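For reference, the structures are reproduced in the following blocks.
Consider the two complexes below, in which chain A is the common component and chain B and chain C are the respective partners.
And now, the complex of A and B:
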């Protein structure tokens, strides 16, 4: 028992505290739902029992995969636009001075609130939802790419230019890798925002997707399905985050100080 | 080889107004000469080096290298910085081979040449290490190897041993001198350490600060190859160190600082 849970030194294995946290939350939920038995709040056990029904259903599964596809495409588009923009801002004061006011104004605007307008332009299909995801994901990535590019050591750039490297080449081959640890911090926030905007866009433009299942079930008072979908979406978010942390570790293991975001002391 | 004439640099100050960092510097450096620029911190000696490197444009005057005016950085002038400025995402081998790949060498040739250079600076076996895994002294060896790799005719060294502990500093001074004895590159070496300047240089340029001007140029007429333990007993060496120390002592300036 202790060998399975503890690592040398007597501390818990690093993966375990989040697992315990999840189990603890489910337990609290179960007890709460049982003791109060308020209408519309199913208990944890019957919600978990609902999961195979959703995940076993072809149509639901297809909807969820469709959501993930949109999220991935939206994230990729945002990445492709935001990283060069942020890096340029970080290396050109003039460019930053031009773009920064725009970002400052758009930063606090809830991107999902733009969905109705976007739907008027682009309809209720993929295009609107993708655009909302792109808008939601872009800002943190631009911001972190900007900060990362600004912090690049001048002398590293000088060393490269002494080797004969031109300005644009330095941006791609020195500024980009040097800013990568910071960019990936933005990406981590971006992934969570992609998930949020994905669900919200499907809530507004109900056509398909995980958000659609959730809110249609809510309309029909199928609370087990609602809660089960929340579990599915949360699990997706956690899995994506864990997977991303692995990728990040592999990409920027060279960096110091390590940008350890995971605030979980083992 | 390097001709610096009338070089002036003023900086725009934050609150408005200008600050004269260096003023009317004239200096000629011959091919194969090891010249140190010695001065207190804030005298603009690094700025002068950056201007020769083409990293910073002078406000007035001009620099030419081998008869051609300097308008920007180039592989004929290789910098080595106090901050090392290694590429942290590259291994030791990747750093040293970087300039060679930039120069168009194939990966195989670049790696072979870099591997040999890494051995020359005493880091054999560390090829796959990342900069964060190295000590300060090792990082600076990598930085020196990275610059030597692409074969610059001139080395521009900006207080390269300033961030190292005393012991490592002495070792690297010795090794730099040995390297230099081999191929006698032209070296412009910025430092605020008197003994370091005397030990390494053919000539020491003493600068004053605010504004940075040349106060004196001192010939270091000590025989080569030099050994530190012999030099410490050499009265001529002692005399030079004492004279230079007095020269950079600047009581009114120090009191203001």
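And now, the complex of A and C:
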């Protein structure tokens, strides 16, 4: 048993401490709810027991999957637009000077807060939610693609153009791979922001989705559902992060490992 | 160099102006009905008018108070935790997996739980801001402190500096650039989160002003709090850049 948990060096398997951390947090919650027994706060055990009813219910499961579908589409669109834009900014000083102030002005505006205005134009359906997610995810990816493209070794670009590589080809075959580790840092921030905008947009346009279940349950004082949904959404965030780590390892395992716990979510 | 960067700054106004002109053109030509999209001039006029309105300023003040309270608490927690996590093995072993689990959780989803345990007032909003602003600061501090040149620490120790002394005299100053970078991200996040929290419970603050405008279908009013939070974010960013230049004189500028 302990042999399976330990690696050859006698250290714990890398995936284990976070699992212990999850269990520890649930335990703290359980003790907190039990000892203080504040009204309205269900304990961890009964919340976990509530999970099968939510995930087993066809309608709420469909709602959650619908949220994920929107998030994935919005993220993909944002990626397709932001990466070329960021790379161009990194390679052209003029272009960066042109676009940067606009990005700085829009950074502190909460994109989900645009939802009520966008709803006036595009309705409460998928289109406005997708647009808000795209806006929310784009900025960090643009910023990191820009930083990554700026740091590309000039000599590599000179050699490539000396060998007759055209501008767009240099961007795609040299700048993009070199900036990839940095772009992925932006993507991780983007995933967290996609989740936040997804939930808030669904809270504002109460039509479907995980955010809708969460805040409707809050309004109707179904506290078990509220806490269970918080658990579901948190688990989504953690699972997406773990999945992202795998993708990053596969794509840029060659790049220098960074001294980090996890990249900075903005 | 400075002349070049000044002209670059001027170039940057072009897309913003172009966007405003396009917006105005869409309204003037009647492509967008004014009920759905007010003209930018009307929005700016209302913004200027609101800046003299004590009720609006009170809402902005409440938002600023929550923003600063949350940010400062996050700073007071994040920097020591990050330093300890990077310099102390035991603390690091507990902190790392906890952060690994908690950092990717979308904190806004915790807000209903915060409302239920702390009520609708300032406390739940400030705690939400702390939860969101803490991780950028904590992570940046940790990363910065983990990358401090060990030789600097050894030399200080060899020269007779105590353990605590090295923490304050060597590691903390060497980590300062990272802490400021983390703070910058945390401030943007704090702006976003405090606004969203005020939209959800909507009793006061800039987020409430937006929700009130939506309920009354006042399209001009909807844009005003959004401009206000953007201005606040820009001002805070500028203040932080100034502090950075003061604290880190001679250090390369970050942008």
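To be clear about the criterion, the second predicted complex is superposed on the first by the 254 of 266 C-alpha atoms of A that agree within 3 Å, B and C clash if a C-alpha of one lies under 4 Å from a C-alpha of the other, contacts with A are read in each partner's own complex, and residues count from 1 in each chain.
The rule is simple: a residue touches a chain if its C-beta (ideal position, glycine included) is under 8 Å from a C-beta of that chain, and two chains touch if they have at least 3 such contacts.
These numbers were taken from a predicted model, which means no experiment stands behind them.
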- Is A:116 contacted by the first partner chain B, the second partner chain C, both or neither? second
- Message: Contacts for A:233 in the overlay, against chain B (first) and chain C (second): which applies, first, second, both or neither?
- Response: second
- Query: When both complexes are superposed, which of chain B and chain C contacts more residues belonging to chain A?
  - Reply: C
- Please work out whether A:17 is in contact with chain B alone, chain C alone, both, or neither, and reply first, second, both or neither. second
- Answer with first, second, both or neither: which of chain B and chain C does A:155 touch in the superposed model? first
- Message: Which partner chains sit in contact with A:203 here, chain B, chain C, both or neither? Use first/second/both/neither.
- Response: second
- If you lay the two complexes on top of each other, which residues of chain A touch chain B in one and chain C in the other? none
- Footprint of chain C on chain A - complex, ascending: 17-18, 20-22, 24-25, 38, 40-41, 93-94, 97-102, 104-110, 112-114, 116-117, 120-121, 191-192, 195-196, 199-200, 203-204, 214-215, 217-218, 223, 226-227, 229-230, 233-234, 237-238, 240-241, 258-266
- Item | Complex contact set, residues of chain A against chain B | 153, 155-156, 158-165, 174, 177-178, 180, 252, 254-256
- Item | chain A partner contacts - residues on chain C that touch it in the complex | 8-9, 11-16, 19, 36-37, 85, 93, 95-110, 112-113, 115-117, 135-136, 139-140, 142-143, 146-147, 182, 185, 188-189, 191-193, 195-196, 199-200, 207, 210-211, 214, 219, 222-223, 225-226, 229-230, 232-234, 236-237
- Query: Residues of chain B touching chain A in their complex?
  - Reply: 50, 53, 55, 72-75, 77-79, 81, 83, 85-89, 98-99, 102-103, 130-132, 146-147, 150, 152
